[in-house]
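Structure first, then comments.
Chain IDs A, B, C and D follow the sequence of writing; residue 1 opens each chain.
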Amino acid sequence: MRYLPLTNDDRQAMLAKVGASTIDDLFVDVPEIARLNGTIPDLPMHASEMAVERHLSKLAARNLTAGDGPFFLGCGAYKHHVPASVDHIIQRGEFLTAYTPYQPEIAQGTLQMLFEFQTQVARLFGTEVANASMYDGSTACWEAVVMAGRVTRRKRAILSSGLHPHYVSVANTMAKFTGDTLVTGTPALTAEPDTDALIEQIDDDTSCLVVQYPDILGRIGDMTKLAEAAHAKKALLIAVVTEPVALGAIKSPGEMGADIVVGEGQSLGVGLQFGGPYVGLFGCSQKLVRQMPGRLAGETVDAEGKRGYVLTLSTREQHIRREKATSNICTNSGLCALAFSIHMTLLGEAGLRRMAALSHAMACRTADALTNIPGVELVNDHFFNEFTVKLPGEARPVVRALADKGILAGVSLGRLYPAEGALANGLVVAASEMTTQEDITALAQGLKEVLA
Amino acid sequence: MRYLPLTNDDRQAMLAKVGASTIDDLFVDVPEIARLNGTIPDLPMHASEMAVERHLSKLAARNLTAGDGPFFLGCGAYKHHVPASVDHIIQRGEFLTAYTPYQPEIAQGTLQMLFEFQTQVARLFGTEVANASMYDGSTACWEAVVMAGRVTRRKRAILSSGLHPHYVSVANTMAKFTGDTLVTGTPALTAEPDTDALIEQIDDDTSCLVVQYPDILGRIGDMTKLAEAAHAKKALLIAVVTEPVALGAIKSPGEMGADIVVGEGQSLGVGLQFGGPYVGLFGCSQKLVRQMPGRLAGETVDAEGKRGYVLTLSTREQHIRREKATSNICTNSGLCALAFSIHMTLLGEAGLRRMAALSHAMACRTADALTNIPGVELVNDHFFNEFTVKLPGEARPVVRALADKGILAGVSLGRLYPAEGALANGLVVAASEMTTQEDITALAQGLKEVLA
Amino acid sequence: LEESLIFEIGSNDVTGVDFPEGDVVGSRLGDLSRTSPIGLPGLTEPETVRHYTRLSRQNYAIDLGLFPLGSCTMKHNPRLNERVARLPGFADIHPLQPVDSVQGALGLIHELADWLVKLTGMNSVAMSPKAGAHGELCGILAIRAALEARGDARQVVLVPESAHGTNPATAAFAGYKVEAIPATKEGRVDLEKIRERLGPDVASVMITNPNTCGLFERDMKAISDAVHEAGAFVYCDGANFNAIVGRVRPGDLGVDAMHINLHKTFSTPHGGGGPGSGPVVFSEALTPFAPLPFVEKRDDGFHLVEEETADEHHAHSFGRMVAFHGQMGMFTRALSYIMSHGADGLRQVAEDAVLNANYILRSLDDVLHAPFGKGPCMHEALFGDAGIAEGLSTLDIAKALIDEGFHPMTMYFPLVVHGAMLIEPTETESRADLDQFIGAVRSVVERAKAGDERLKGAPYYAPRRRLDETQAARKPVLVWNEPEPAAAAE
Amino acid sequence: LEESLIFEIGSNDVTGVDFPEGDVVGSRLGDLSRTSPIGLPGLTEPETVRHYTRLSRQNYAIDLGLFPLGSCTMKHNPRLNERVARLPGFADIHPLQPVDSVQGALGLIHELADWLVKLTGMNSVAMSPKAGAHGELCGILAIRAALEARGDARQVVLVPESAHGTNPATAAFAGYKVEAIPATKEGRVDLEKIRERLGPDVASVMITNPNTCGLFERDMKAISDAVHEAGAFVYCDGANFNAIVGRVRPGDLGVDAMHINLHKTFSTPHGGGGPGSGPVVFSEALTPFAPLPFVEKRDDGFHLVEEETADEHHAHSFGRMVAFHGQMGMFTRALSYIMSHGADGLRQVAEDAVLNANYILRSLDDVLHAPFGKGPCMHEALFGDAGIAEGLSTLDIAKALIDEGFHPMTMYFPLVVHGAMLIEPTETESRADLDQFIGAVRSVVERAKAGDERLKGAPYYAPRRRLDETQAARKPVLVWNEPEPAAAAE
């Protein structure tokens, strides 16, 4: 029992100290009916580190990894190169095994890092402030809708058809219980998002407009008009960014008038990890800050006047407000926020812009290679690192066939919208600075073969 | 240039401060003939982390690793399971990027660790003291011979035929220059080492007897008689341990009268690493301590009387004694010593004994499986985790053929003693706690096929 | 040396990441290219490593010492877990890959799910919730979905006074009215009061067991029976499951839904505030309402049941809670921990956690008031501030502990005890470490009883003295701003 | 809290490693089974991680701040290097595997060798030496082998006064008589004195270039020519190669052998005292005498030339220096660093290292005496103790720097300057860090000149005050022993 420091001698001596003759005496409050006298049946006994490692390595080997071959998946999770120093730092015990910084005198490391993270996120998003992170992009998105409801005291939210369908799905689930009304739609395979239709739906009961940027098909829509239209009706514009690297190349939602910007931060520092843990980003304007969910690190001074940081505005939170809290959330995604922040610090503005430029350039090359294949049609006029193509037939089986060849070709819209026949031929393809010309050639070649 | 913090602006400002107009002004002392005006030809320019990682990963993928399949190599380097926490700790920047602890006030971490390491090694070896580590086992072995020469003022050393041939080779190289006389031999494929022959060679000029335990063929010889015989002639007995795990199962050389015990510590904490870096272990009796090579951590007190540790007896070392130093060595193998010490601390006596018992048990099973194959003959009567078998023909091609099947079967004596035809059929096979029954079955099956 | 902010030491044109060089041609960004500066300073790698290494050293952590935070369960995080979570086969796969290409990952989720179901004696488990509070929400939503499925629109959830704040917050978020259940003077929920309150308007009773006073709810089975009889469901806050794992199965006590904080019971790292992971186990009655997606084992391998296939297999699911499949990285760590301990080791975990807590209770109850300290406690020991000198408080004791080299205990929680101090050592503390901690607490408490005013200034030896939280909240500074020229010139 | 020794907190029956259970049958150990206790205490994993984490925090390290150790070259250690060195394809292969199964590893060694040869402008390289001093030995042995091969038994090696202690130690170890070469008053070796001393008894001249005063040996080429004319060989101590890499090739200066400390020039971690790695480059004249084993590229792949094949290809090799192939783990790291920088980046490394040193020289030469400070220095700045108040010393300044948050500079070396302080910032320090360091030195030096007696007690704020080295040496306590009962009772 390599993790249990008590020896049998310790146990005996300690039982004596507490006045118990056996350990069972300490479990007397458990009703007889629930007492287990031996170990739970059908479960294995303890195992050596060697055995556990071997077992898990075998499971791991049964997965085709993004590094094993050409890789073009996106749709809310992106593969970028994470410098080795990021993982080195987050493994320091002082970060990895620290608690939530409720005792600021001995948690300045975490607190200062969060303060830096908040500033980075706010600047990237073009918002005045940002919080210390959320679970992930999809939950951050829903929390933004709820927040807009609190701010506007309205319960009707309009979700753009370009919003990630999983995000829509999460919002739908929650709205069922909160009684919010959601207006949703399915995207059309057109070159530009349908901004005008969205604007038409805004009415006096609308709390917010939720728009993904770039959207699920990779399209980049100007949000300025949306912001104006929303504000004209005293509704908020919520922008959702699933690929923060894009903001190294295109305007920030804040610049275009978004009131709340949320996003998924996984692209930087965190890695794919089969979907989690990820890190939700959340920024908004200063005047909305007291309605913001989640933890916040703030600057202050200590008893000697030295600058320091604390968790602040916690009167919004559940441990103080209980049922009146802004959210039931009690955790941020601290270690992922740290990874995000370190990666961003390493990149700096120059590095982020270069990374974005390369990702975009590789996506352009990929698009060119694919549209050279007869029957393959590019949907987007504009895109960042991700675009949609229309195949001559259903995309799902094509993706599976390519996976069998070791090529992870993209995300079929059939996977994301199983009920929508009109989208079945759509394939969303993403590239990054890690994409190579060989990857692109292999993808184009493979696709050609499968379609033939 | 991700590792270079100076910006071009910094460089200009700093050049101004030092009164130089260009960087070339600071290299004026270089004679014209040696000044390079551009970059060195035929060398690539800087590369991204991504590119370097990709290149080195490709090289790495061209090697068959010990974890890829059944593995039975030993002969001075052993594969044992190293707990994940060992590597975690040695990667802490405070250990990884610290300097030699010449400033003890800010190096107590390294110094206390070395003091603990020395104690662990001394106890394992059964010696009174030990040093803070050497480069590796082979150099530690030669340093022991030199030390014995200093102690006895004699220049004739007898090296047992069971000593690792690379260790003999290193000693031969050095002796050529120092003028020491070495008596060496080649082992015979017999069940026991030839202790009597060794004893006969001791004379009044002999500085030391050097005996490996267990020896290169895996045989375990009692050293008590050797110690008595050496001491009778006022010579020292030097024991060499290439597999420290063995001392969890068999008597320590110190118990049997060895004056100096040296060894290779790679088995614990360090890993295979294609031969290095490894960690040389060096223990001896208290009375010889001032003749001992290498660094030593010692206990003392600070100005407030608190217990602390310093590097000590440095008057033996080159930075003080210059040409009169006990050795020219200026480095230990600090980080490997740390890994060894952490692994040993995790094991403790109980764990080490269990690890040794399992390694021995798997070796016994392997021996049984191999000797079931017609024509394969076990040389040893006794062994720890390593034994020698005689194959019906040359072992080298057999090892190569098995490697092509993904089985790393052992070390052929033909590889170690290319000139000795009598040993060509010998194969040294090692097992450990990591060896599985499937590995053994695969080896036996593979060997049967290759021999058929 | 004080550590500056990256905004003070970095600059926008410095980078610690090299990229392939060469021109980047073509742009299909449309007319939305970013032109204005973003304001993201970069540091080279040496500066970055040093900045964060120095920052880290201002933190306390489990790797440095005991973390006696009652109800937070700070235990050792095994390094094997970190190693296996980084295997490319788990860390480098995309959530939307074809399921054939991720059979190992789905297998791992299925294997962990199987452990959780068996350890709790329940019927099924939802793996996707991202943290404990998210798991609570998942449980309450399943209860609501089950009630709605039978057309039963109940509006009230009963929550004990001693509950974690997340309980009422969750129930309110899910649209319920929250009513408090009073505690008995023994520190447990009052069975009779629950029985009295139960009725057709009560949807659920949320119980924490072991509760936040560190006590096992003796009447749990009776409560469950009463709740079920009234047509409601029992939600159990499983934050303290670590105290009973392997010894008690919540399923045997009639629980309908319970979340499990993987970091509390199964050692995933706390990471300075997350990421967490909060799988929820369900009784048979709630199983049909569990959320999507989930992993199902069929003859031809593991399948992922998502929206598309839900109709067929899981028509009553209340829906999706997160974009993908949950906290895979935490699953890997938790399974590694669970396999390492096995059924026998996990039982020992509970026993040692409880033994350590009782050892602390009995080693301190002569100097500190233990309001519910007659019988044994479970995994944590609860004390009040009775006997502390006028003018000094629990807070002062806590801050003084920092100077003794320890993290403070949980303070002022649960709310049912005045000046509460809740101490949870966990099973991964040695007896020697406990003794050292007990000694430190005794010494501080004795000073507090003697009225040592110096305690009010503690900590003295931490990276910072007490911080002004009021100022932080009154005029929040949440991001760094370039100092104004005037201020800079001061 | 003071950190105890493992022997004080562990016990022989505790273990932090679990092994498969079950009986172990059979023994073929003969009659040498270990029966007596060994005395190796174990700790569980939580205790182990905490023990070493706490210990580590008593260390200063590059990750925490500038390490101004002249002649030791403490630079940033990139984390990419650590990652690639841990690839199983490098870390988990056995040195005696069939060469066909380790082609990638041999390829890596060959690739690094090629870089080293080209960067130094030499003819070949021996990769196996385990550290710098081991490399020196390798070079001197090759020289001796070359001389012996021509039947020329010379007995003397000339070494400058300012040389590292390893130089004379190495020459003596290889059987040579060592004679000192005096320095000019400029801090360089005296060419004329060398010319005078050269003769048929001189085997080699060992020169450090740039030298330990931080100066480039302007007359290097002239020295080499004179040495060669006298039938001897030039050994260059390459410890300071980092100052000139990419800008100067030692081969162009007539060097015959030079070791390279991979950690100094190529950033492998110092690790608190090793492991090092000291490849040695050779001129054409010495190449035939280089040690075994080495890697050779042939048409069918990479071969390892060991004893067996040496006759054919390398008959004059002086033999084997180590059991296997050298410090593979360091090769991987060094190649990773070299490729990251490339030919252009390495040149920049030298330039920035030199610029940083000159910046320090010029920022401090008004308060500190710079004996050779007229012209530019190379990678390190040398100061003496002239002007320091009576009763205070270089040591006091160094220890006071600890209280300012920095590691002291190299003290009392080189021997040619009184109270020497040798400062080497390296290229991986930012200007801001240099300025902070310069400020700290200035403040301490000003106090030292003013005769501030408090300096004698420094450091005050380190984990320990000054330690009693005399007591440690007089009665060495090198291992922990159970305290005697009497002492324990005190």
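By definition in this document, contacts are C-beta pairs under 8 Å (C-beta built on N, C-alpha and C of every residue); 3 or more make two chains touch, one makes a residue touch a chain.
Each chain and its UniProt protein: A, B = Probable glycine dehydrogenase (decarboxylating) subunit 1.
All of these numbers come straight from a predicted model, not from anything done at the bench.
J.: Counting C-beta pairs in contact, does B-C beat A-C or the other way around?
T.: By the number of C-beta pairs in contact, the winner is A-C.
J.: Just curious, how far off is subunit D from subunit A if you go by their C-alpha centres, in Å?
T.: About 46 Å, centre to centre.
J.: Roughly how far is subunit B from subunit D, going centre to centre by Cα mean, in whole Å?
T.: Their C-alpha centroids are separated by 19 Å.
J.: Out of subunit B, which residues touch more than one other chain, so two or more?
T.: Only 1-5, 46-47, 49-51, 53, 83-85, 87-88, 91-93, 346, 433 qualify.
J.: Do you know which subunit C residues sit against two or more other chains?
T.: 11, 13-20, 43-47, 49, 53, 57, 62-64, 76, 78-80, 82-83, 340, 428-430, 433
J.: Name the graph shape formed by the protein chains and their touching pairs; answer line, ring, star, complete or other.
T.: Contact map by chain: complete.
J.: Touching subunit A in the complex: which residues of subunit B?
T.: Residue positions touching the partner: 2, 49-50, 53, 81, 83-84, 88, 91-93, 346, 433-434.
J.: Quick one: which bits of subunit A touch subunit D in the complex? Just the residue numbers, please.
T.: Interface residues on the subunit A side: 1-5, 7, 46-51, 83-85, 87-88, 93.
J.: Can you list the residues on subunit D that touch subunit A in the complex?
T.: Going by the criterion above, the answer is residues 11, 13-20, 43-47, 49, 53, 78-80, 82-83.
J.: Touching residues of subunit C toward subunit D in the complex: what are they?
T.: Counting only subunit C, the residues touching subunit D are 1, 9, 18, 44-47, 49-50, 53-54, 57, 62-65, 75-76, 78-79, 340, 405, 428-430, 432-433, 436.
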